[in-house]
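Shared between the two complexes below is chain A, which pairs with chain B and chain C, respectively.
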Partner chain A sequence: MTTTIEELATPDVTPGPRSTPRPRRRKVASYSIFRVVMLTLVVLTFLAPLVWMVLASFKTNVDIYNPAAALVFTPTLGNYETVFGQANYLQYIFNSFWIGFASTVLSLVLGLPAAYSMSRFVMKKSAGLVLMARVIPGVSLLVPWYFIFSNLKLVGGYEVLILSHMFVALPLIVFIMMSFFDSLPVELEEQAQVDGLTPIGAFLRIALPLSVPGVATAGILSFIFSWNNFMFALVLSGSKTKTLPVAIFDFVAYASIDWGGLMAAAVVITVPIMVIALFTQKYIVSGLTAGATKG
Partner chain B sequence: MTTVINRQRNGRSSFSQWANKHRKWVLAAPAMLFVALLIAFPVGWTLYLSFTDASGSVRAPADFIGLENYASVLTDTDRFWPAVGRTVLFTGGALLFEMILGMCIALLLWRPFRGEKWVRIAILLPLVATPVAVGMMWRLIFDPQMGFANQLLSWFGLPPQPWLSGQESALTTLIFVDIWQWTPMVVLILLAGLTSLSDEPDEASRVDGANAWQRFWYITFPLVMPTFITAILLRGIDALKTFDILYATKGKGGGSFNEVETLNVYAYGLSFDYNKYGQSSTVLILFFMMIIGCIWLLTARKKRSES
Partner chain C sequence: MKHHSVLKVAGLGAAIVVAAGVLTSCAASGAGDNEGKAEGSSTLRVTLANHVWTDIVKEKISDFEDESGLTVELTQLGEDQLSDQYNVKLNAGSDEIDVMMYRPLQEGKLFAENGYLADLTDRTADGGDWDFDDFQAGPVEATTYDDKVVGVPTITEQEVLYYRTDLLEAAGVEVPTTLDELEAAAKAVSEANPGVAGFVARTGKSAAVTQFSSYLFSFGGDFIDKDGNSAIDSPEARKAFEYYGGLLHNYGPENVSTDMSWPEAAAIFAQGNAAFYTDASSLYKNLTEAENSTVSDSVGFAPFPEGPEGSKPYNVPSWALGVNAASENQDNAWKFIQWATSPEMTLEIQQAGVPGARDSVWANEEGTASFPADLAKAVAIGSETGVGYDRPLVKSVAEAREIVGMPIVVAITGGDMDAAIAEAHEGFQKFLDGEK
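Showing the complex of A and B:
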């Protein structure tokens, strides 16, 4: 990984001063215009569908069907009343949040020491085993889990959902934290051991506190992945423990789709994640690209 | 000073000494155990199930039937091979466009500019949005009667399309949705690769009079190649396993004509709609081997480009 600790501690999105001013002014100017136009197009393509979704969530179903009311309409909160009233979304928001939070914390507890050990002792094979989990199709785990947990009568409980979401979170955390610990100079811990700390003490009191930016990166991403996860909850959740991505199907289960309610539900699911992403952008980017440039 | 250390040393329990001596495994073991119990063991079980006729209730006894499942799945031209075809088509199509567009956008973003932060946020939003909700959003936009997509076509005088509801067009439309959501991932990875490059080769070729395309094709692209292959690898694995947007837009079995049924959707349906666990395990093992094969090919290629 090319990112150093300093960069992660004070993340900086700009790649720094790079190109020297070019002599060919006109060419540069025409490229800038081209670049602005293209970037505007890119931003529009990525944002327009999301804006459309948000607009539809404030429309009555009559307005959704009316092309003339595409942009000019009387906003209504009716869809949100359905989502939080009839559809009982507060319960599902709690479910998603609790499962995401618990699976992230537990995965950090298991994953941080493991990532540290794998980084310091260069355990390539063990790391490979944990990372295999990123490759395995989720369905191939669901069948045996379903066998075991339904025989234990655990299907539908929070425990099973938290465990299954840890399957995504743990490899992710190990992956991100391994490249983070790789970039952490080992001399600091050696110095601490000279001063009387045990090796495990050096990990707990020196390496961990220095890894807060890395832990934040791993934790935020693991929470987002849990929040967005659909397939595990689809099989393993019960009517009381449904997560948001499963609950949204209540709006399409009937003969006709309640488009307004569906879009309001989609907004309720995606907006919290997007707000988190707005404030933690640098961490998310560094986590998603962790190890990608290492080779 | 020395007395303090000595007292600390003596005060340490034998457990602490043992733990520190074997810290390599003490630290790694809990996670390894979790992986073994919840991941390696289930995979082994799936392998075992693929040789049995397990079906119906999860408590029903299953008989060992050897390679029978493999024979019946591999000769199934009705559901299995079309699903393989769709998986390859979906992954290949999505990957091709995501890599090309991702490279273009990464190059646009490469050098610093004003408002960079806002463009990056716009690119990040599709990436973090919940795939199921994204599927629902596109369902509304691609609705043939009232969707914005057909409205947009009519402004340009083009005929309306069936999009997701068409038997032919559904998979292509879903490839588009995948491109919309995951191109940002490729952009971020390639951008990380580009910003880690040194300026010197680029500057040198500029002095030598190379034009922008030559500089990209002969200098920048080969240099960023290892990152490019990593991006293909990461994105490709996820694209092969796509499930959420397919299920959210087309429901069980990839629509009423199985028009978007990929291997993952097929295996899910076999397990949880038809309860044919043995057969589904066979499909999964074959799918898994296919994924491993792709990874092996790409890592071999990557090693070659690095040397």
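Showing the complex of A and C:
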């Protein structure tokens, strides 16, 4: 999904020669042609695999491999029937959604106060420690995690998946929110305390409502990460708690691959997250750049 | 001061909650263990790979549950995911898997050496009517480690020659029975049909190794010699590299990619763009079913062509069932394996098109009726003359395949074979020394 984010961010990142005083007309024209060409190129590059995926999800396996049937073919809904009938994808969609939702909400509950305190009461070491969690590759933790969780008889349940996804979500939220809180003027909270609020009250009633855009960004990103996470779910989920990225591999069998079903499942996985990203892109972009330019 | 006390209280509270949680779970799991040890849990945890074999077994599991009074908890995964799971779970000493489906040649040696697989020697010997002697020798060899039986082969495969009946007929070419004839036929058909490749096969460094092995054996070569040293610089091996790569270089698809595995190679054949294709017998449905193939009506099958040393295709168990050594439910796990590999089940599964490992089923007409007649014949010949492995038998198979597969790719691209073989030989020898 990172591609989507980059893609969405592209228009905002374009530098602004507009700010150069009195540009010449010819320059403007050639610049806008250049801009259109480059944008088209980027968009096409990113869209091509998606378009291919959607088209392939309506094809039979023979047509998928046939270059002559790339655009002209007899569409079939068979692949989607497999996905929702035989393959029981509604269950997996629920699993992914529930795990993403719960891990995001819990990470927000824990991460917002943490980020706030790290921002307000200089706690560089804690911040560094949280950053460590982002630096350590998740795969190196899988074996110890599995060992601990299987001794606790938790493997295969939702709890362990939610916990493991929080491991990714929590540092992300803390880091986005730290820079967000840094950019809020302390004076507001000091004033609130003068008016009789406790420090916690000032956080809850003043700082939090002001940082809703940041919270939205952090929440959406952490949900996207959870939705796309494959590795943790592969080892820690059970047959009833399988998430979408793991379930998609059921279409790859030994000596036979159901490409059509695979592509239909990929569409089912991608569409919800793309819709969420499209509707919330302004938060994602503003949140990502929040604090980026502070001195 | 206020912050501090709040933080302290919160921290203490969290610590207490965590500690309490851990203690209660330990207590709970301890109780569970004792129960389990008494007479084996009535829930059997079975992990299987995505395969037609699994689909058939899955449908029948309720029969097993009725017979045995056990409840089967089935986990089903793709082969690579399954492998990852085993590596994590078995490494952690998990008892959460009782029956495990695994690839004897890819990971059997590693699993056996790490003690993941329970010793089944006594159980297979006392099989009675189940009759372990009925299993083909090659596959059984692959599921035996240090003279101990650690698995029961379920699915076998041999390398066969797929060809296009219509193209051969039109070009007036006989079905090749030797490798020399194959080369001549590939040449003739590709010249008669511009745009159609004479021959296609796997080209990926690692993927091609297994399919290249039959060529290697038929030329009289091997990956490792009797003393455990690299044998890939022998004159026979060199001929095999040059032959396999040469076929693809001269008569393969134009601008052939050098990272094709079976899905890509089979697709070229299935789209009608190649006349000959050598690969595993288990793939035939990708070529003979109309939903996968545009040439489904004109696919022919022949035994692997003879080389200087005769026709020596691999005949291997691609999958086997084993018992997790850490499982506390081994008696019941064995019951499941006996049920799933019984002569009746093997026959039924083979009738659905999955080649099994039992001689009696191959000797039975009912057992071969579902296969295209020529394919059944090719497989039967292959199982007689076949070699029991199709890749170097080492612990880190994936790494070994990367090394010995390199000269194949160089041969396909028409590069410097002297340098390639020397480099691969040296690398492989170093690798083997490291494993000793």
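Operating definition for what follows: the second predicted complex is superposed on the first by the 256 of 295 C-alpha atoms of A that agree within 3 Å, B and C clash if a C-alpha of one lies under 4 Å from a C-alpha of the other, contacts with A are read in each partner's own complex, and residues count from 1 in each chain.
Just so we're on the same page, contacts are C-beta pairs under 8 Å (C-beta built on N, C-alpha and C of every residue); 3 or more make two chains touch, one makes a residue touch a chain.
None of the values given here were measured: they were computed from a predicted structure.
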Joint occupancy of chain A by chain B and chain C, clash or fit: clash
Which of chain B and chain C A:Leu152 touches, first, second, both or neither: second
Which of chain B and chain C A:Leu204 touches, first, second, both or neither: neither
Which superposed partner A:Ala56 touches (first chain B, second chain C, both, neither): first
Chain B versus chain C as contact partner of A:Ala69, first or second or both or neither: neither
First (chain B), second (chain C), both or neither touched by A:Asp250: second
Which partner, chain B or chain C, touches more chain A residues: B
Touching partner for A:Val105 - first (chain B), second (chain C), both, neither: neither
Partner chain(s) touched by A:Ser126 [first = chain B, second = chain C, both, neither]: first
Chain B versus chain C as contact partner of A:Gln281, first or second or both or neither: first
Which of chain B and chain C A:Gly138 touches, first, second, both or neither: first
Common ground on chain A, meaning residues reached by chain C in one complex and by chain B in the other: 65, 121, 142-143, 146-147, 150-151, 199-200, 234-235, 252
Touching residues (chain side chain C, partner chain A) in the complex: 2-3, 6, 22, 25-26, 28-29, 32, 49-52, 73-81, 84-85, 88-89, 91-94, 96, 262-263, 267, 270-271, 280, 282-283, 285-286, 290-294, 318-319
Chain B partner contacts - residues on chain A that touch it in the complex: 2, 13-20, 35, 38-39, 42-43, 45-47, 49-50, 52-53, 56, 64-65, 67, 70, 110-111, 113-114, 116-118, 121, 123, 126, 129-130, 132-147, 150-151, 163, 166-167, 170-171, 174, 196, 198-200, 203, 224, 227-228, 230-231, 234-235, 244-245, 248, 252, 259, 262-263, 265-266, 269-270, 273-274, 276-278, 281, 284-285, 288-289, 292-293, 295
Complex contact set, residues of chain A against chain C: 60-62, 65-66, 121, 142-143, 146-147, 150-155, 199-200, 234-235, 238-239, 246, 249-250, 252-257
Chain A partner contacts - residues on chain B that touch it in the complex: 4-5, 8, 12, 16, 19-20, 23-28, 30-32, 34-35, 38-43, 45-46, 49, 58-59, 105, 108-113, 116-134, 136-138, 140-141, 145-146, 148, 151, 180, 184-185, 188-189, 191-193, 195-196, 199, 203, 226-227, 230-231, 234, 237, 241, 243-244, 247-248, 264, 267-268, 271-272, 277, 280-281, 284-285, 287-288, 291-292, 295, 306
